[in-house]
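Some structures are shown below for you to check.
Both complexes below contain chain A, partnered by chain B and then by chain C.
== the complex of A and B ==
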């Protein structure tokens, strides 16, 4: 195990010790024990930067199940490193924030931090695994730990609902991703991502290529809350705010982005991939930003804004994937979308993380997150206001913050989508910049709502549960750090150029010749003749106009019928599925033994009958039959008549006596077919059985009075005739198809010679095949003990009836 | 003879099935009794019904009846007797506790299934 492996699973190891630390050091907030780990990991991963910056990658392999080709292969390249830095960096800040956010006395801190560590380890595993099966395992672990964290306040009904919803949706995606992994394995014969990328060109035409592509996209879209799977994310806001900040804005929801970026070299050669990723992404961008405006809950707004920003990154990855078709990357004409995606990925993590923390502070200090109750907090919470304003302006794409830069690049990428001559982009590509622009207007709008409805306007102290004041320093440090990043990256974007270049090298490896690197230069100023500038200006103007007139047009949100919302669809779908399954089960599992017997017999008739037809097994061979004597016919007639008469007998006594008649006639058959031992046994046992039947009959006195004939049922009759017919047919067919003689010659010859007996049947029973007899004795013993126990043990005695 | 027996066994199976599909527990047990008779006769028939002496060496006959199916049937008779006896006492106890031998009324209710 290398240090890298240890780094990945170190959160999981620490998780084991957290409950202990919580128990023995209960005076110290448990979060302090956690804090050093992500910080340390952050600097550890930073140490890989010099190597990955030049497009190199480090792989460490630990055998797990070598016979199946599953190794815990940890691989660090530009893309993995970026995510690892995000996870550990924001992880450290979130832990620090949670120390001040969660109360030591009121909350179950040990559980919280164990779940959080599980999540952190799982997420590191997802982004640093080179083996797809290992990646899948960690992927599901993120789903589970996210489930636990959303349901952290499990006494709340909404928390449990949200946790279940996110679980169902993300695990659905995870399972389809597993399907994609297996299809990829069938095509390439390996689980290693780097080897699969090497084979990318060979599998494009394979019949499994498209199914695998769709399976992977389902996994990525559900995890990253893309339309129409985004519905779980707003409900996941029931989690504590540090969790929302960490999982549902900065890390877990980017796992799908990571997956798409990681598999771009494999799948982006296909037009379907490009269209799905770009199209669903831009649709999500629009829908998320449009829906965010109508919410009154701060976290609701942020949830929809996360959805829309993820859609934006996704669409850029889709459009950028086209670059794989063009060899020339020197001018960065087609790769600009990928650059923008990576850049915005970083930016989004910084400003969205800080915004969630700000909302958490507001919630913590006022007791509500409803913007209708909030207002006028600017003077009371000046630092929080500053943080919120910078974060929101960056999200809206205003200069000089980093969101402005990535939004400009986003417009550039979308404008160039028109000029792509592939996959029908020349006809429909013009939609991309238009939708992107409209979505940006809404983004601007909800960003303004977020800041101004909370911090400006009228202060309403009567609606607040607490008297608001500035948050403690510890809670402010993490958002301050994130916001300073927003500003620093905004002002000096080129300090992270090397990072972006290395990530691009990992996403589009085939475009680089040996020893070459991408060259990224992000500039603030494109000149007056650049369309992006005017688009941004248009966004600001339209946004301000819409914000001013918000009360006049916000009625359109109420026009949309609740019935057609995706949440309603999910809820009724879930309900209907449960109800349908229950009804379906109730339909055939009706509790009547008779019905189940009918199923069993019908299947038996059907399967045996079709087999016989299929195998053409009907055959009647009369060459090997014994002669018929008249007394045999008489005996057969007795059995046939009495067994049929049982069916018509009214009294149970008659049927028991007729059963006895059948039994004694069978023993007569044993006599004429030369089976003396059988005849003896049959006589005795039939006698005892009939006695038992009569005993049973005698003890059912009340039933004796209202005896009735068995009701006639045509269905039952048909089934029974079918069973009888099929048995007869099989008996005839088996008799007519004898393949070889009996082995009984051996017994006849050796009964005396080897076993020293003259009665062959008895010698077989106790000598040649004595084992059968031993266990037959065991059966009788068990039956006897069982009967004794049944009669003697009366557990219900003394309890009341019913 | 084997053909006649095959039809006889078919009739036994048919009656047994019809009885087992009835509502009364006692009739179901009668049905299983008929079913085991049918099965025993089936084993005997499939072993061949050609004439021969009883499988006792003292007979000094040319040919003997096949002893192996007889041994199998003997085992089967004893086992089915054990099961039938158990089943009968179960029915008796069920009647004592539940006061019915109607299978439909013995159906599990919602909630205690």
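== the complex of A and C ==
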């Protein structure tokens, strides 16, 4: 176990000690014990940067289940390192923020920080695992810990609803991803991601390739809240704000992005992958930004904005995957989309994290998140306003912040998608820049709503629960750090170019010749002749126009019928599934033993009959049949008549007597078929059982004792005839198919010689096959004790009741 | 109402011994002729049932102060013990042994561990039958 492994699971280890620390040091806010860990991990992971910057990767393997090829292989390359830095860096800031956000007295801090640590460890595991099964284990752990965090305030109905919804959707995706992993294993014979990437070219034509691709994309899309699986993310906003900032903007929702980026070298050679990732991404981008505008809840706006931004990154990854087809042409004409994706991934984590924290501050200081109640907070909370404005302007894509740069590159990538000569992009590719532009207008719009509706306009103190004032400094430090990053990266994007290059090297490894590296250069100024500049200008103009006239056109949101919304679909779907399952179960599990017997017998007829027909097994061979004597006929007739009379008899007493008649006739059969032991036993047992029947008859309740004939039911008749017929046919066929001689010769020879007896039946019972007898008498003993217990217990129960 | 069961009781006293004798015959003859522990046991319990019919449960319990549930246990112990006995001599479970001896009165007779096993069956069958009948008979 190397230090790297220890680093990955250190949050899980610390989680064990959190409840103890909480209990014994309850005067100190539990978060302080946590804070050093992510900070320490951040610097630890930073130490890997010089190595990964040159495209190298470090792999440490710890055997877990070696016989199945499952090892805890931790691998750090550019992509993994970027995510590890995001997780630990933003993790440290979020922990600091949460110390001031969550009250020490009112909240169950021990639970909160245990869940948070579980999540952090799981997320590190996801991005640093080289083994798909290990990745999957950590993946599900993120789902579970996220479930626990969303439902943290479990006394609220909405929290529980949101937690359940996110659980159902992400676990559905996780399980289909497991399917994809197994399919990939069937194709390649390994769980190691780096080995699979090495075999990427060989599996393209395999029959499992497309199913595996779809399974993995389902996993990635559900986790990253892509259309139509995005519906869980807005409901996950019931979580405490630090959780929303951490999980639902910076880390967990990017796990799907990570998966897509990680598997791009494997799957992006397929047109389906490119179209699905790019198409669903751009659709999510548009739908998320369009829906964000109609919300009044600040966190609702941010949730849809997260969905939209994730769609944007996803679409860039999809278009960038094309680059694998073109190789090293014209210094990365198509790779710009991947560059933009990585760049925007970093940018989004910075500004979205800070925006969530800002919203948390507003919520914390005013007591509401509803923009209709807020307004005019600019002078009251100047620092918060500055942070919000920078974050939102960056999100909208305004210069000089980092969002501007990534948005320009996004437009570049989308414009170039048109020129791809593959997979029909030349016909439908023109849609990409158009949708991207429209979505950007809406992004601009909701960013403006977010800032101006909250901080400018009329101050309405009567609607607020608390008197607003500036947040404590501890709550401001984390967003300040993130916003400084927004500005610094915006002004000097070149300081993270090495990081982006190393990530691109991990996403597109096959494009690099030995010893080469990508060269990324991000610039503010593209020149007047570049279409991206005019697109951004258009976005700003159209956005301002729309914002000015918002009340006039926002009515279109009410025109969309609620009935067709995806949430409604999910809710009714869930309800109908439960109802349908209940009805279906109620349909056949009706509680009547009679019905269940009909099922059992019908199934028996069906399965035996089909087997007989399918195997062509029916055979009638009379060569081996003994002669029939007249007394056998007579006895058979007696049995038949008695049995049939039982069915038609009116009185139960008659039935019992007839049953006795059948039993005694059977014992007569034993006599004429020369089985004296059986005849004796049958005679006595029949007497006893008839006596017991009479006892039962005597104790029948007076109520409803009217003697009446058994009712006629056609179904029962058919089933019983069917069972009789099938058993008869099988008996006849079995008798006609005798293939071996009986082994009874052995018994005949050895009954006296070896066992010292002459009664062969008895010798078999006690000697040759005495084992059976031993347990048959055990059965008898159990029956007797059972009857004893039943009757005696009933008597004591009666006493208690009386 | 107290009925006079004199004839039944008198006849039972005579018949009873015949039945028990016959059941014992069946039991011992089992290895060579039809019969054995099972039928023998049933027949013996038949004799006890006859006693129950002629008298009543209380009288029968006084005459035969036996706990039939214990009888089941003893019977199972016999059967399982005989079966396990073979293990002591290094042979598989349930291996029987037999030998012939000349007894003064009976002449050449075989002694067979299977009889011990059958005794277990005999006792269990009596115990089971009587437990069932007595339990049901005592219940209201």
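Keep in mind that, in the parts below, the second predicted complex is superposed on the first by the 788 of 802 C-alpha atoms of A that agree within 3 Å, B and C clash if a C-alpha of one lies under 4 Å from a C-alpha of the other, contacts with A are read in each partner's own complex, and residues count from 1 in each chain.
Operating definition for what follows: contacts are C-beta pairs under 8 Å (C-beta built on N, C-alpha and C of every residue); 3 or more make two chains touch, one makes a residue touch a chain.
Remember, it's a predicted structure, so these values are computed and weren't measured experimentally.
With both structures placed on the common chain, the touch criterion links A:662 to chain B but leaves chain C unconnected.
When both complexes are overlaid on chain A, the residue A:767 reaches chain C alone and has no touch with chain B. Shared-chain residue A:792: touches chain C; no touch with chain B. Contact comparison for chain A: of chain B and chain C, B touches the greater number of residues.
With both structures placed on the common chain, the touch criterion links A:780 to chain B and to chain C. Residue contacts after overlaying the shared chain place A:575 against neither chain B nor chain C. Applying the stated contact rule after C-alpha superposition, one finds that A:676 touches each of chain B and chain C. Judged by the touch definition given at the top, the superposed model places A:756 against chain C, while chain B stays out of reach. Applying the stated contact rule after C-alpha superposition, one finds that A:685 touches each of chain B and chain C. In the superposition on the C-alpha atoms of chain A, the part of chain A touched by chain B in one complex and by chain C in the other spans residues 676-677, 681, 685, 688, 692, 695, 758-759, 761, 765, 773, 780, 783-784, 787, 791. The touching residues of chain A, when paired with chain C in their complex, are 676-677, 680-681, 684-685, 688, 692, 695, 755-759, 761-763, 765-767, 770-771, 773-774, 777-778, 780-781, 783-785, 787-788, 791-792, 794-795.
Across the interface of their complex, chain A is touched by residues 1-24, 26-27, 29-30, 33-34, 37-38, 40-42, 44-58, 64-68, 70-71, 73-75, 77-79, 81-86, 88-93, 95-97, 99, 101, 103-104, 107-108, 113 of chain B. Of all the residues in chain A, the ones that touch chain B in their complex are 591-594, 597-598, 601, 620, 622, 624-628, 632-633, 636, 639-640, 643-644, 646-647, 652, 655-656, 659, 662-663, 666, 669-670, 673-678, 681-682, 685, 688-689, 692-693, 695-697, 699-700, 702-703, 710-711, 713, 716-717, 719-721, 723-725, 727-728, 731-732, 734-735, 742-744, 747-748, 751-752, 758-761, 764-765, 769, 772-773, 776, 779-780, 782-784, 786-787, 790-791, 796.
By the touch criterion given at the top, residues 26, 29-39, 42-43, 46, 68-69, 72-73, 75-76, 79-80, 83, 93-94, 96, 98, 110, 112, 114, 117-118, 120-121, 124-125, 127-129, 131-132, 135-136, 139-140 of chain C touch chain A in their complex.
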